[in-house]
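Down below are the structures I want you to see.
Each of the next two complexes has chain A plus one other chain: chain B in the first, chain C in the second.
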Partner chain A sequence: MAESEEEVDVLVQRVVKDINNAFKRNPNIDEIGLIPCPEVRYNRSPIVLVENKLGVESWCVKFLLPYVHNRLLLYRQRKQWLDREALVDITCTLLLLNPDFTTAWNVRKELLQCGVLNPEKDLYLVKLALSKHPKSPETWIHRRWVLQWLQKECSPSGQELKDQAEPRGDAVGRRPCERLQRALQEEMRVCADAAGRYPSNYNAWSHRIWVLQNMAKGNLKVLHDELSSTRLWVSMHLSDHSGFHYRQHLLKALARELSQVGETELHPSKQPNGESTAGASDDNHHNDVIPQLFHEEMELCTDLIESFPGHETLWCHRRHVFYLWHQWRREHLQGAGSQSPPLTHTDVLLSEEPCDDSSTSQTMDVDCVLDGSKHGSYTQDTKRLKRGPLLPHPALPSEHTFVSRILTDCRSTEQNRFAIAYRKWLDSVIGFHDPYMQRPRHITLIFLAP
Partner chain B sequence: MRTRAAKTCHVARPVSQFSTAYSLGSNECVRLQFFSLLSESDNGNLILQGTQVKDVVIKPDAPYTLLLDKHADYIAAYGSKKDDYEYTLSEYLRMSGIYWGLTVMDLMGQLSRMNRQEIIEFTKSCQHDCGGISASIGHDPHLLYTLSAVQTLSLYDSINVIDVDKVVDYVKGLQQEDGSFAGDKWGEIDTRFSFCAVATLALLGQLDVINMDKAVEFVLSCMNFDGGFGCKPGSESHAGQIYCCTGFLSITGQLHQVNADLLGWWLCERQLPSGGLNGRPEKLPDVCYSWWVLASLKIIGRIHWIDKAKLRNFILACQDEETGGFADRPGDMVDPFHTLFGVAGLSLLGDEQIKPVNPVFCMPEDVLQRIGLQPDLLS
Partner chain C sequence: SCSLSITVHVFSNLIMEEASPPLRCFSESHSSELFSDDGVQTVTSREQVSLTLSISYVCQFLARCQSPTGGFGGGPCQHAHLAPTYAAVNALCILGTEEAYEVISREKLLDFLYSVKQPDGSFVMHVGGEVDVRSAYCAASVASLTNIITPTLFDGTHNWILSCQNWEGGLGGVPGLEAHGGYTFCGTAALVILGKEHMLDLKTLLRWVTSRQMRFEGGFQGRCNKLVDGCYSFWQAGLLPLLHRAFFKEGDSTLSVSSWMFERKALQEYILLCCQNPGGGLLDKPGKSRDFYHTCYCLSGLSIAQHFGNKDLHNELILGRDENRLVPTHPVYNICPEKVAQAIEHFHRLPVPVQTGPTPSAMDQS
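The block that comes next holds the complex of A and B.
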């Protein structure tokens, strides 16, 4: 049945109205989707609202999309005027159908800037669009823009969590103020939903990291909470490389923040926001917390690797966590000075390690130092933690033991392959190379290409 | 060995989407059994489940010879029905789509089949007053499409139909204080845009207008412990971002800052049993990663670290014998994007039926020679 242009126009305008009326009727719509329905039905609305789900019958989309798409472009080229309400409705429809359409998001940015659109509305539209297109890069980009815009507009000093925290004695337990807390939770929810809709959703998890860096700068409580709340999630999504990377980020951020807290506990006058940190709970508080965090993460990793053989992601996670731990140990044995005086000759060797990139033979010494088996299984860790509980911290020898155990027990060829690759990585990367040194060395790895 | 009671995960279909498995909610534990399980997806692909290797299995009847003529026919006819719904959906990236189509045709020696005049006019009409270029007429300008436009006009040796100085100003204006580049005036930062910026300026011979040191400093700040790069500092390593960053470092003469062995190792771990390459651990292989990963390996001088024969096999299997073109993986729907990267990948692997392709710019080497661009590669 051929449709005249007028018929299509009338139909589409009705559909656009129906969609927007649906939102007015039910502000709690939380998901959109296409309903497979190829049969054209002019006398019935293709918009279906069931509970909080908005459906669009698929037959109308091939009329709807080109119509709203072209109308927006005519407006953009100043060939046809659209009033603000029409712009809002049209961009909304357009973006629900095609959230990668950058220009449509930009029109909404402009509407936001001139006060026509409520930013909460756009956050809501983004969330809805993500329910159907959880990866859409342009959607995430728009969300970040709106959040940044809100930060600038709503708070002259910026919505930095540290500034707006409730005053409390200890830095670790600083609570964000309530509005910010709610905004943060909402972001985490949006990210979690999108992560659950598409495996290893790079854009969702990157956004989550961005939120931490821009809306919760250095807030220890948030970092700790995120570490707890994602633990179960990653255990149920073992292949989700992005999810595990997020935990690596959390550990790195926690280690950094806790170390800084430790510094200011030593030197109260240096606290950046002027708060006094006198009366911090323990001495060397961070020296115990950080190893504990790494220990727990390695334990989680071990548990998952043993229970679910053959997941490359888990082995990658292990590499990264061990690397972060290794880095932290090196930095805090060398740099801390009065905090942890060298207690063994191994520590002395480490602290005397030249930071200059001289000959490669220097690295051999480091390797010997870290290989505790050469010193009767003493590691600098057990020596250093005189006060704290003796946790078996991950170290090269214990990691090698772990690999051997896996290789002995395992039935999966993939697991074997990953275990061997991990061992090679321990030998060649931890043993010989530190990518964070200023001039990375071009050392030929001692094994042949896999 | 400890095990947990595991609920069987039902097969997710189609191959490329695991959304069903993922939307089960937090009450259900999505765990794959570790016994060998072969299942079939909607499009007939065999997926290996349970052995935990996410991969495809190439069927015995998959294409194994290069069907260059079919691909040329596919691209030549693409978009001839311009009011197609699908075509409208992808209009937001049209300029890139044109670059993909033209480049693959040129690589196949078939550029003359494309409508040169129409494309040049179109590109010209996409330049805005600010100097930036948009994906299509009426769309907003962006670095991504500015690069695609400059690449397209370079192929046609017609760069002067646009206002080159304004393009240069536009790109320069997007550099931030920390050396990074925004994609457009709205400010999103991503290492992809660093690549777009220097690639555009290099093609125009005006790399010196930006703060090179700062630009390099930013990209290097995105280098991760595994030697890879992400979109921002601290982001997960990703093959696409790695391509952009190694490309960037090549153009800016800073490849010595890359840890070639470490990165090379990460990159060759992308190769799966089927021969295909993925973009990150435990992702399915995709022909476009056969470009991002392969080109990166070529740039850092480690292309011999992957199994070339198996990769070639995989790429060829992604062809559609009926329609022409390449899909992301065997049996899926074809599109110009994957067609370019399939053909470009084969060129990098040494197929002599295809023109040599430059791994940094993803353009025919002879075009770059004409322009006088010879970006560094490690050996």
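The block that comes next holds the complex of A and C.
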């Protein structure tokens, strides 16, 4: 069936208008989609609005898309003029159908820059486009552009200029940090939605990391909140490598930020009379928090591995968390920032199973280990140790025990394979590089048996 | 035994996508160059070959995609972008005529590369765009082929690429991101061009990429715990020749002299058995539709799997009939090695241009 250009023109005008009207009728549209409907129906609108869902019947796309695409290109080549409203409508229609069309996003950037478009509208359009195309790279890139543009506009100098230009209205009551908080939550929501729509959505999770780095830099609370809020999500998406990678990123960021906090607490100011003041009352807090975080993550990992055998991502996550932990411990054993080498040394002793011929006792009797290196009264270290039994920190022997346990109980060949591969990795990568982490020989003998 | 055959029917459908025409030129010309003339006749005896490559026509079209300020855009009158620039230069090198080489304005291309260069050594994909490691590969590829590398062009680039390698051993799109097949290839190949591949943690990278070959399917996945995809036959398997060469340069005596470090037969099986469309063209996995991109990269991966080494150490492992044989592809540029040599020879007779455009720091990147 051949379509005349007039017919297509009429159709396109109608569709663009219908989409526009749909948004006017319902500003709460939260999802768009394609309705499989191959039969051409000229006298019916292909736009379907049900509750908050906007549908486009598939038959119209092959007419609509080239036509609208072409009109925009002609505009760009300055061969055909389009007024601003037409541009907004056309780009909106185009991007809902094909969000990887960079030119359309660029047109909207220009409209934003000359004040014709509200940036919130674009963030909304991006969110809708992502509901149908959760991976679309150009869409995520545009979102970041808008967010950066907004940040510039809302910076102190930007805000001042805006206030001078217009009456303040209800913007008076809004505080920048409240707005930022809401913006942050919205970003996380958009990322989570997109991540749920497509497995291992690299672009969604990369955007989430970008948000942390650009909208919440060094914000410990946000990092902690993200760790809690993604815990349930990853537990329900066990093969989502990107989701678990995000948690690895959070752990790394938290370890880095907390260590820096610790650094500043390590150098208490000296009083004029030469005595040094005590640091914060619990200046070892960061030294507790980081191991605690790693411990909890390993526990989560153990739990999931045991409950859901055969997911490679979980084993990969375990490797990464253990590796991060291993690295952090090495840095804090040898690093200049470490306040308590003896503590870590004791910590290692406490977490390892007794060596066959070792003379070190697994003991809570701290004094005999620390005594030689610290004189004077109780240090924070000893106080902390005397509080109670330490959480067992991840270490090579405990990991080997974990692997054996899995191998004994496991009925899944995949799980079996992953467990053996993990053990091999422990030996060849971790054990090889760190003499501190060498596992005791008697355990080696057990594992040599087939 | 089942007969494995490969048929390619190069089709033309206009896909309404940006950055498509130069990429299509590259995909189509590379796909066809992988078949020697004989191969095309024998293999496609049952199918109609609709491959018409008018070299002049393509040159003229690509010339229209070249931006007046340098580089190539996704179509005529579009802004320059590193992906179509990479594709256009590759396509022109495949065509390999004087006319083709002369399409490229080397001085402007250099200006374009400087205009997207960032102070930290990375490149944005286009002016005002975002950084990711593909851009470094695109830039290094076109600059080395056309001999426009100035002393400062790649300042800091290798360090930036190295920072994209994460603990897994692969490389992410930007530092801190998840390791990903496409980005890993781009970063590694760029480092090979810059002569800095030895600075990577090669062993961890080797461990990561070899773990990406799927034991059941035989093909490669892009990331841990993801599904197999035919295009990774090149992006992932293509890393093994690069790594092999890197280890060889380090004097590793345990290196194989007969095979890349992946299961070559299994990969060929996956491509031939699972990635062919009966009407011609190749695809991601069964159930998916064919497209130029997958046709190009499945075939490139097939070539990598078929051919090991070069010169004296060259050996072939062709699964199925002899007609399945493709010609070798260059593991860094992914065009035929003869075309690489020819282009480099041509452009090295010309002097390196002088940068005339503004320096990156002087440009407003917002």
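Rule of thumb we're sticking to: the second predicted complex is superposed on the first by the 342 of 450 C-alpha atoms of A that agree within 3 Å, B and C clash if a C-alpha of one lies under 4 Å from a C-alpha of the other, contacts with A are read in each partner's own complex, and residues count from 1 in each chain.
The working rule: a contact is a pair of C-beta atoms (placed from the backbone, for glycine too) under 8 Å apart; a residue touches a chain by one contact, two chains touch by 3 or more.
It should be emphasised that the depicted structure is a prediction, and the values quoted were computed from it without experimental measurement.
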With the two complexes overlaid on their shared chain, look at chain A and say whether chain B and chain C clash or fit.
clash
If you stack the two complexes on chain A, which partner ends up touching A:Gly196: first (chain B), second (chain C), both, or neither?
first
Does the superposition put A:Ser307 against chain B (first), chain C (second), both, or neither?
first
Quick one: is A:His320 in contact with chain B, with chain C, with both, or with neither? Answer first, second, both or neither.
both
Taking the superposition as given, does A:Arg144 touch the first partner, chain B, the second, chain C, both, or neither?
both
Of chain B and chain C, which one touches more residues of chain A?
B
A:His249 in the overlay: touching chain B, chain C, both, or neither? Say first, second, both or neither.
both
Once the shared chain is lined up, is A:Gln77 touching chain B (first), chain C (second), both, or neither of them?
both
Touch test for A:Gly33: chain B only (first), chain C only (second), both, or neither?
neither
Chain A residues contacting chain B in one complex and chain C in the other 65-66, 69, 76-77, 98, 100-103, 141, 144, 199-200, 202, 205-206, 209, 213, 239-242, 245, 249, 311-313, 316, 320, 323-324
If you look only at chain A, which of its residues touch chain C in the complex?
65-66, 69, 76-77, 98, 100-103, 141, 144, 199-200, 202, 205-206, 209, 213, 239-242, 245, 249, 311-313, 316, 320, 323-324
Using the touch definition up top, name the residues of chain B that touch chain A in the complex.
1-4, 17-19, 21-23, 25-26, 29-32, 34, 51-54, 83, 85, 88-89, 91-93, 134-135, 137-140, 142, 183, 186-188, 223, 225-227, 230-232, 234-236, 238, 257-262, 264-265, 268-269, 280-283, 302, 304-305
Listed in rising order, chain C residues that touch chain A in their complex are 16-19, 74, 77-78, 129-130, 167-168, 173-174, 176-178, 180, 223-226
Under the stated contact criterion, what part of chain A meets chain B in this complex?
61-62, 65-66, 69, 73-74, 76-77, 98, 100-103, 106, 109, 138, 141, 144-145, 148, 196-200, 202, 205-206, 209-210, 213, 232-233, 236-242, 245, 249, 252, 303, 306-313, 316, 319-320, 323-324, 409-410, 412-414, 421, 429, 433, 435-436, 440, 442-445, 449-450
